[in-house]
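In the two complexes that follow, subunit A is the common piece, with subunit B as its partner first and subunit C second.
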Partner chain A sequence: MGHFLHNFFGPVAHRNGVYYEKLVFGFLLVFALLGILQLAPRRWRKTIIALVTFVGGLYYLAEFLYPYQTGPHKNPFTPYLDFVTNASAVITAFAIGVGTFSLLSLHARNIVRRRGSWGNSIVLLASFVAMTVFGLLNEYAPHLRVFHSKVTSAQVYNVLFMGGYTNLTSAMFAVIAFYIASAAYRAFRIRSAEAGLLMAAALIVMLGSVSFGTVLTSWISLTGPHGVENPMANFRIENIAQWLMMQVNSPAQRGILFGLNLGWIAVSLRLWLSLERGSYFDTEI
Partner chain B sequence: MNPGIWQRAQTIDRRVIYVILLLFIFVALFDKHLKLPIIPAKQTIDFYNAVQAAPSDKLVLVSGQWSPSTRGENQWQAQAIFTHLMRRRLKFAMIGFDPQNDQVTRAVVEPLAKQYHYVYGVDYIDWGFRPYGVFPQFIKSLANDIPGTVIKDRDDRPIGSFPIMRGVKNFQDIGLLIEITGSGTAEFWMGLVQGAHKTPFALACTAVMAPTYYPYLDSGQLVGMLTGIKGAGDYEGLLDTSTFGTRATGALSLVYALIILLIALGNFGYYMSKFAERKKAT
Partner chain C sequence: MQHASDSWPVAALTLLICATIVGGVLSAQHWRLPSIRRIAGLNAIDEAVGRATEMGRPVLMVPGLIGFDVVTLQALAIFSEIARSVARLGNKIILPTIDPVVQGVAEETMRDAFAEAGRPDLLEEGDVRYLTTQQFAFASGVAGILVREKVAASFLFGAFYAESLIFAEVGHQVGAVQVAGTTETHQIPFFIAACDYVIIGDEFYAAASYISKNPTLLGSIIGQDYCKVILLAIVVLGCLAQTLLQHWHAGLVAHLLQHAVGLFRAGH
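Right, the complex of A and B next:
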């Protein structure tokens, strides 16, 4: 069974007959399952979804907790890991499909009804179509000539992805620097002793992180007259910054991590056991 | 004293700040005569030493969890790390858990591979992309059985057919684990892999993520860390190279100086205006 599942859901080379057969079969299978789920009485749907969620989670938990090897016996769950992993990737892909459909229909309605900023919706749809078409062509027909020109589909995709998308996303991230500079100037006022302490710590860490700051105390020698460590080197700005990060920041971070992970366990349990309430869970929107 | 002056010192138009900031960045990036000394951080030196100490008979695994959005920091870290690996002639495998990572990592590795005459399948290999949704399960399985978990490379070729994979069975055959990330994924590697197999683990993360990882440096779970673009610049300094990472570190330095100056100006204006108001009232 494990061997069959592994072979069926394992990766295959592109543009291969078996690949397309699996693709079509996979689509049919998923749509059939979704159809059955849709036909099921409303009160059963939630039970089915909760059951699938529970079994999926139980598998991962059992696989995780069972020892990798006990004497000659290996973990009996591990051979199925690849199958379950691929299955969850497929479900995620369908979830992305639903999200994409929702996004496209929303923006198409914006354009048809000429709602505010409908021009942005046109840009979104055009970008979406261009990236999808050339992304697929890059994968399956990279040498295809576009509009009978010398330019291939792979080259167009490269311009769109590396030239357009990567630079735009990097620029979006870089713009934050301008907001940080402006916000720091406006918001950082020493109005209390605590704010003063925070400011002092921030200044030391900032100065200790860049060459401009480290140069200020670089005159303090790292070694003493006989080649031994100079205790005064502890007062170099980068060392004070390091001390703040390791001795002051670390304990605080540990506390946050403990709290965060306990919260994570609680949320995971609620999701696994379908105890979560509200929109997208027990309430249909 | 005119309180209006001090009020104005606190309310400089944000567009003026943007222009000054832009000027600072341009000067640092394009003025070749401006060279600020680089004093590498301790965690960068530790990272460098970890790569220097990596055994040459074992693979180095480089996990990529970054995409174009954090390219400003992660790309130059990756550039420095792969340069160091290739200079040392260390064999390495790459794996990505972000759908866009494969392309951006290859854009860094392929020109370097040509420069250092690295041959795919012999000196390095790309294990391809795995969805982030199954990241913990995948790396847990990977730790115990590499060929059985990875199975095929980025182009769907069996990894067993490549000379670099001969004798590579599990994480005992990995000499150093490096993660280049724009998000918080290092804990999974530490919890599921590094802790069990005691593989040295070095991390290259964005500056905003770094404070979270200091406890792991303190505990020794991380053998070194590159922090943002400053980490990349420091690493380039240790490698005695100078690319965009070094220039960007200079820019960062000037930008920090400007921010400190602006904060000082804002606070000076704040206290002076309060002082002027009090004087007026009395």
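Right, the complex of A and C next:
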């Protein structure tokens, strides 16, 4: 059974018959499982979901607690790790349909009802169709001539992806530079003691990171009269900046991380043991 | 993949932390309901929602940029509480998502929240909307929503990355009251610079319990606080042991100290 599952969910090198068999079987299996869940009486659904969640979490816990190797015996759970990870990836993939439906229905409604900025919805739907069609053609028929011209589907996809999408993404990323300037201006206006402290620390760290700042305190010698380390060198701006980053900033960040990771463990536990009632689905599913 | 056998003391500590948290939950459920100190950023939520309602403008909630994860689920738990107050006041929400799985859970969560507040009619199809899975495409989509819908209150809870400042700055430009909380420590300074209120660190995980006063969630916070005491004690004792080792290199005390410090080293 284990061997079959491992083979079934293992990677397929080429898109041959086995690949499509697995694809169809995967679809049928998930639809069957979802169908069974839908047919189950309402009062059982929460129990089924809680049970599946618990068993799924228990597998990972058991895999973690069981030693990787005890003498000649290896951890019996580890070989199934890929299978369990793949299975959850397959189930997750089904949700893509939910997202796509939400996106398309929202913008289709915008166009039909002529809501404000419905022109944007037309652009979105046209882009969606173009990227889907040429994405598929690029994968399965990259040399197909588009509209009987010399241009191939792969070339059109390249223009859409590299010429359009990538450039738009870069442009959006670049906008952050301007937002950093405007946010920094507001943050550094000295309105309180804390803002003043923030401003002073930021100024030192910024100066300590550029050569101009280093030059400002370069007159403080690194070594003393007998070649020993000069304690005053600690007051060179790059050293103060380093101290601020390592002795002030890092411990604060680690302190925050302690709290965050504990919170992460707490939420995971509540979800795993289905204690999280009252936060998500309080009413019957 | 890590295993407990890589470091048994760390595995034992992990189990102790889990037991302490579950103990806190059970204690709050059956014996004593704890109280949490006031958190300014969370008190501002009602104020922001009320202001948006008075202005007749919607409330935006962004659950971060990662998929179906503990952090996103926690963000949705906070949004569920905010949505209840939005629904009670008769206002509207917009919740854009970056992940199809999150979309499904978010829709269900918001539907429940509006139904419990007695206003299921206020939540329309498209209020919870999937935008894209791409980081900057999502950022530009959210920026567009902020400007077009003239959002008056913006809640940014979850995992945010380089795009955090795009949300916060565009929100500031449209005059929205902004409350943010993220688990990404590198983005906290950006939010502090650009938002009105920021919840820091584990306040993010305390937020839902603080708003809902749910015994399970409150108990979990108490458990977390006990765990912090345990971790802090280990850190202090570790520092002391390491400092003492600088002076005692040999003898029984040094041996014991070395053993104690070594307990929490990887590969022990």
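Annotations
Criterion: the second predicted complex is superposed on the first by the 244 of 285 C-alpha atoms of A that agree within 3 Å, B and C clash if a C-alpha of one lies under 4 Å from a C-alpha of the other, contacts with A are read in each partner's own complex, and residues count from 1 in each chain.
By our rule, a residue touches a chain if its C-beta (ideal position, glycine included) is under 8 Å from a C-beta of that chain, and two chains touch if they have at least 3 such contacts.
The model shown is predicted, which means the values in this text are computed figures rather than measured ones.
When both complexes are overlaid on chain A, the residue A:116 reaches subunit C alone and has no touch with subunit B.
When the two structures are aligned on the shared chain, A:246 is found in touch with subunit B, with no touch to subunit C. When the two structures are aligned on the shared chain, A:275 is found in touch with subunit C, with no touch to subunit B.
By the touch criterion stated above, A:258 is placed in contact with subunit C alone, subunit B being left untouched. Of the two partner chains placed by superposition, only subunit B is touched by A:203; subunit C is not. In the superposition on chain A, contact of A:182 is made with both subunit B and subunit C. In the overlay built on the shared chain, the residue A:267 is in contact with subunit C alone; subunit B does not reach it. Of the two partner chains placed by superposition, A:50 touches none, neither subunit B nor subunit C.
Contacts of A:102 after superposition: subunit C is touched, whereas subunit B is not reached.
In the superposition on chain A, subunit A positions 63-64, 68, 78, 81, 92, 165, 169, 172-173, 180, 182, 184, 186, 253, 257 are in contact with subunit B in one complex as well as with subunit C in the other. Every residue of subunit B that touches subunit A in the complex is listed here, in rising order: 10, 12, 14, 17-18, 21, 36-39, 41-42, 67-72, 100, 103-104, 107, 130-131, 133-134, 137-138, 140-141, 144-145, 149, 151-152, 156, 207, 211-212, 214-215, 217-218, 227, 230, 249-250, 252-260, 262-263, 265-267, 270.
By the touch criterion given at the top, residues 63-68, 75, 78, 81, 92, 95-100, 102-103, 105-106, 109, 116-117, 120, 165, 168-169, 172-173, 175-176, 179-180, 182-184, 186-187, 253, 255-260, 262-271, 273, 275-283, 285 of subunit A touch subunit C in their complex.
Across the interface of their complex, subunit A is touched by residues 1-6, 11, 14, 17-18, 21-22, 25, 67-68, 70-71, 73-74, 76-77, 80, 97, 99-101, 103-105, 107-109, 112, 115-116, 125-126, 128-137, 139-140, 144, 148, 162-163, 165-166, 168-169, 172, 183, 185, 188, 190, 192-194, 200-202, 204-206, 208, 212, 214, 216-217, 220-221, 223-224, 227-228, 231 of subunit C. Interface of subunit A with subunit B (complex): residues 10-14, 60, 63-64, 68, 78, 81-82, 84-85, 88-89, 92, 161-162, 165-167, 169-170, 172-174, 177-178, 180-182, 184-186, 188-190, 199, 203, 206-207, 209-215, 218, 238, 242, 245-246, 249-251, 253-254, 257.
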